[in-house]
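For clarity, chains are labelled A, B, C, D and E in written order, and residue numbers in each chain start from 1.
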Amino acid sequence: MTPARAGFVPQVLLIPAIVGLALLVLPLAALVARVDWPTLWADVSSPEALSALLLSLGTGAVATTACVLVGVPLALVIARSGPRLAAVLRAVVTVPLVLPPMVGGVALLFLFGRTSWLGGVLGEWGLRIPFTTTAVVLAQTFVALPFLVLALEGSLRTTGTGYEQAAAALGAGRWTILGRVTLPLASPGLVAGIVLCFARAIGEFGATALFAGNSPGVTQTMPLAIYTAFNGAGVSQGTAVALALLLLVTAIAVLLLVRAWRPGSPR
Amino acid sequence: MSGETLDAHVVVRRGVFRLDAAIAADAGEVVALMGPSGAGKSTLLAALAGLVRLAEGEIRVGDRIVDSGARRRMHVQPSARRVVLLSQDARLFPHLTAHENIAFGPRAQGIVASVADAEADEWLWRVGLDGMGRRRPAELSGGQQQRVAIARALATTPAVLLLDEPLTSLDPETGDAVRAVLQEQLASTRTTAIVATHDAVDAVALAHRMVVLEEGVVTQEGAVRDILSSPATGFAAAVAGLNRVTGRVADGRWERGGLSLGLGGQDDELREGAEAAAVFRPGAVRLERVDATTWTGTLRLTAGREAAGEWVARVVRLEQTPAGVRVHTDPPVVAVDLAPDAALGLAPGVPVQLRLAETNVRFLPVVRPASADAPAPES
Amino acid sequence: ASQADSSPTATPLPGETEELGGTLTVFAAASLKAAFDTIAEEFEQANPGVDILPIVYDGSSTLATQLIEGAPVDVFASADEANMKKVTDAGLATGAELFATNTLVVVVPTGNPGEVEDLSDLGDDSVTVVLCAPEVPCGAASRTLLDDAGVVVTPASLEQNVTAVLTKVAADEADAGLVYATDVRSRDDVESFVPEGAADVVNRYPLVALADSANPDAAAAFVAFVRGPEGQAILQDLGFGAP
Amino acid sequence: MTPARAGFVPQVLLIPAIVGLALLVLPLAALVARVDWPTLWADVSSPEALSALLLSLGTGAVATTACVLVGVPLALVIARSGPRLAAVLRAVVTVPLVLPPMVGGVALLFLFGRTSWLGGVLGEWGLRIPFTTTAVVLAQTFVALPFLVLALEGSLRTTGTGYEQAAAALGAGRWTILGRVTLPLASPGLVAGIVLCFARAIGEFGATALFAGNSPGVTQTMPLAIYTAFNGAGVSQGTAVALALLLLVTAIAVLLLVRAWRPGSPR
Amino acid sequence: MSGETLDAHVVVRRGVFRLDAAIAADAGEVVALMGPSGAGKSTLLAALAGLVRLAEGEIRVGDRIVDSGARRRMHVQPSARRVVLLSQDARLFPHLTAHENIAFGPRAQGIVASVADAEADEWLWRVGLDGMGRRRPAELSGGQQQRVAIARALATTPAVLLLDEPLTSLDPETGDAVRAVLQEQLASTRTTAIVATHDAVDAVALAHRMVVLEEGVVTQEGAVRDILSSPATGFAAAVAGLNRVTGRVADGRWERGGLSLGLGGQDDELREGAEAAAVFRPGAVRLERVDATTWTGTLRLTAGREAAGEWVARVVRLEQTPAGVRVHTDPPVVAVDLAPDAALGLAPGVPVQLRLAETNVRFLPVVRPASADAPAPES
């Protein structure tokens, strides 16, 4: 049955909801108010800005894909394991969230650096990860993965295993069940997870700065460009604000497109 | 594709509940599974489908062992068993249309999309849902959903089909039509099937054999008509719509309290002193009001010297039925069917005199089920 | 108008025991941490009435932005003149004074795996070099130094601050980098040398007492203390040059 | 029916799941490997470290509470509005995620700072927000709110309104439905949201650094202390790593306690 | 707490489906709502409960207007209507135990916890689930869940109770017991109730009046027994288990194709030339095999000169029933009940001769429902 759209949310709750929305929107309005309109176009259309934007979008997309590839299995494993194991796994997954990104960057540097065992092995194969675009993707994946996993896991648990059983009872194999039942039913969580993941990857700064460095065209993503512009003593902060807006508008556009890919919820 | 034999002994524990039942079906045979609510029917079917692990026992489909309680590694995945279950809560996929739901099974078995689509269309038509294929389950009525679920299960053409109460929530007209479809499909594909149902009509129409399950144990098994005419337990009698009163054979007569009936030549299977059940139709009992003021007197007076086939009881409850009125009396618990106007003046608590002709009664030996923890069949 | 107008004893001589009291809030560039922690301790000893709140260290640019947005601060010490100019231009203070300078050194990992011997080696393609971004003070200075020496470097990364350069060199990710002399002074996990021409590229540190300081006397005293002999001694001990 | 615990996840997926887990765990192992054990105890038990930790936990808890108070209503409103409005609201909520936190800090400073209209009004009432503990909480709430909202919204959508209708049909009012049906059923998402929210608040660095400053005891939370230790010339990075570990261990402990509060999922 | 009158005219649109039905119940009256699958029963009940908005019409409970299609602001929240609905998919709260589920309604109405707990315990006992209160719905069988759902609805003691197929998925024994509980509760609290059901037994036992809904329109309304004996539509006849064949009155006789029956004095309501339906029991028809080889001949020979009450048709389908065999024949569509052995030699396609005594037939005028888009009742 089509439910009454509004559901049964007490109407008083509109007030805190609006407060919450204001908290999120007003700072942005304040930011936009400071935009230096005359130089805005020049700032956002500079080749550096565009190359940083492209790099951000590209690495963000790759990192999100990587997160989906390893994060969806991880979420499935956590959602379908017993309460003890699930609690431990969830705690492990939460770690990169708690860690200030900068420390995460140091940790990645320690792991993949030349002096580490792994870095040494990779180095012998002629692979060096720090200062490359790969490092950017790795750093973004590291910080963004937990979002995908935790959001999806919540939805998977809410959905339960009833429909999976029904599908199995109809003779569907595990992969069919996964692709046709489990993931579509958990799609609100999956979409939320992908959005969180992509947004976090795009906005990632600290870990990238330390692990990948700040080389224009190779590792200088938008946040690094913004930070550089902000820190630049000679440069006005207008550039930083302009770049931030550019990043914002692009990211929102991408996310709206992603949502449009599957507009309805399954129920 | 035609059915395979099924041969299973299933032991499953669920909290305090323990299911220990053997069930078998020849290739192409349809077996009805009946039992009171909570008897373990759904658990049995889920175990056969591979959704529940066996504690003990073994399940064979054809000549393959697909599950074994002893050897844990022997658990064949549901999808590899060629056993399909329509479970009690239909669980239509909410994100798929009715058409996609029906095509799900064939598609999962690797049938190409165009063929599966055509099959789904045909199934929609067969269950009377032509033109509703593009609706989501939430946009269908309860009975329409149930029909999609039946079509979804039947469209898979498995070796063994397990149906858990397929025809509930269908009105008589639609139910008749769907039962005909089910019957025809099972017969034409010679699918082995086990159908859990609460309705004797469905059991007779669809199945050759019947298994009665009570509190996790099989209490009766045999041809459907045999069970309906000779119910071994109170539950089976209720399914058959019969009264069943347990008593004892004494002096070549059947006795229970003050009630005594001649065995009328049916004494071949009944040993002297053994427990036996008297089975008779509610319509076979004659009922007469006894004056309330003389009730206690009557009871006392008649005690021990009632005529054969006569006893006095109180009305417990009156219930309207399509044919008239059903009067529930006690002791013993006996239902009596009356014409609508014959029940005038009856009310709960009113004493009545009941009369039963020996020729309308079948006497059956009471057999306690083998399992130690099985329940005593009730009168 | 400076706070000097409102206070007759705007610039008391060091050691002079004036009736100074209250608390003092100091914003200082991150690279000044070691020096200012010590200076604050000595200043408090010299002026027992004054309580310096834990000093806030951060990038000069961040601190300047916060000042402009109203951070309640008495003294601001910047790592470069550009950020100080933002503060004075906003009318928050006048009369910023230099109190220290810093010069660049070449820093290499322990054992010098890249065999970097002088500045021109940084132009070698086989040597991985990290520099500060040209937008930040140490990057601007590095650029000037390399341009003066005519060395063309393709840095692997343009870091946001000195610490990032140091971390990469210390982690052996880079074979060399340019950082301030003071940054390597107390570190034992890297090696360093002073390249030719470093003395010509000087980074200057200004500091100022803010106009709306709640404790202008103490603020002025602190500025004077930093610029005075005790302050200078501590700074030079840590490798800073005289202003 | 109790489902077979393992569900129907294809077993091959264990491989990417383990890769994902490794990506999250190995950098931490590398970090721990670099810990300077002899000085660890001194580093983590210094009064500054402890005061930063307490401040972090306190502000994190308050910010999480604030997020719950405004985020739960916001998630409910989004989950129960039509697809168009929901898409717009979700995009708005996503913004603070995309924004590098530092820019978020600048935006907050622009909103509440001395030079802004709002800052001016508040200033006249004698209220100054930037550089106070309130600013820390605000910054944390700003960056953490989206996590709660998006994770909960996913679960609310997955649950659907069927049970709410059943409750309404039994005569339950809106508040009863909310408290006894809607939120308990969406609890996996709510718990996931709270975890994400708290973790993000605790790890928040960029916005706090700009908006609240880095004043020990007042606004210097653990990430800022770590940053200061890390940046402070002369100070060894060992302190930073030690502080990071302290933060990590504490946060994980808190999160495990939160989980223990309701161990099972409702289905 | 006792019932209030309900008076509603409900118009709801659902995609292509349109429900336009009026239903009323006096205080304390129980009305059965029957109709084929997809007729709109659940939609009607959901609208009465306030879960679906009216497009037009009005709902009154007692003397309060609780919903109005014309005035949108008049929509009273479900919780404020004192109307409780047990919906078709029971939707037990999965996170609450059986006991908590039952106590939910009373608690939501502000009854103190200890009282609500005691009530829930009693309800568990009344529906035969004593000792299962601490289980979650997932740990109960289908029928046990259904009983919890019934208890949950009854425990709320509302002014108007709406039950959407409350007794499906219960076995005959449990079903009888729960029906008795339901009947007793409705009678003792004098609750106004509307019970959607597919079972004539339930309708007769529980309700005084019946409303038949077909394709969104009320096609018949009246005392339950009247409808069962004089079904106005094919669906109602199916519910009553009767054959219903439409024909025309001509020359004081009823005729349909070659079949002609005398009206036997029932012609008072039947106008010459008007449509009329012949209603008779499947058991009232005599059936005889016709030799297959002479089938075409027979048809031709008998055409136009068959004896009154005799016709020739083909067997469409045979179905086992508890009492024997039901033979479906066509044309016209007529079901015939035979004893098990009387059906020997019959198979689909076999021609048969049917005979029906006029005394076993009721003739009813065919009344087309008022609504323009209503379906034609089928034969």
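One rule holds in what follows: a contact is a pair of C-beta atoms (placed from the backbone, for glycine too) under 8 Å apart; a residue touches a chain by one contact, two chains touch by 3 or more.
Since the model is a prediction, treat every value here as computed from it, not as a measurement.
Chain centres computed from CA atoms place C at the largest separation from chain B. Sorting all chain pairs by how many C-beta pairs they have in contact places A-D at the top. Note: centroid distance chain A to chain D, computed from Cα atoms, is 14 Å.
One inter-chain figure worth recording: chain A and chain B are separated by 56 Å, centre to centre, where each centre is the mean of the chain's CA atoms. Distance between chain centres (mean CA atoms), chain C to chain E: 89 Å.
Among the residues of chain B, those in touch with two or more other chains are 14, 42-43, 51, 89, 139. Residues of chain A in contact with two or more other chains: 1-3, 106, 110, 162, 165, 167-168, 174, 185, 227, 230, 237, 267. Shared contact sites, meaning residues of chain C that touch two or more other chains, fall at 65, 161, 167.
Remark: chain E residues 14-15, 34-43, 88-89, 135, 139-144, 146-147, 164-165, 168-176, 179-180, 183, 198, 200-201, 204-205, 224-225, 228, 234-235, 238-241, 317, 319-322, 340 touch chain B in the complex.
Considering their complex, residues 25, 30-31, 33-34, 53-54, 56-58, 62, 65-66, 68-72, 161-163, 167, 170, 182-183, 185-187, 238 of chain C touch chain D.
Taken together, the chain A residues at the contact with chain C in this complex read 106, 109-110, 113-115, 130-131, 209-210, 212-216, 219-220, 224, 227-235, 237. Residues 49-51, 77-82, 84-87, 89-91, 93-96, 104-105, 107-109, 138-139, 152-153, 156, 158 of chain B are the ones that touch chain A when the two sit in their complex. Within the complex formed with chain A, the residues of chain D that make contact are 1, 3, 5-11, 13-17, 19-21, 23-31, 33-34, 69-74, 76-77, 79-83, 87, 89-104, 106-108, 110-111, 116, 118, 138, 141-142, 145-147, 149-151, 153-155, 157-162, 164-165, 167-168, 174-175, 177-178, 182, 185-186, 188-189, 191-193, 195-196, 199-200, 202-203, 205-206, 222-223, 226-227, 230, 237, 240-241, 244, 247-248, 251-252, 255-256, 259-260, 263-265, 267.
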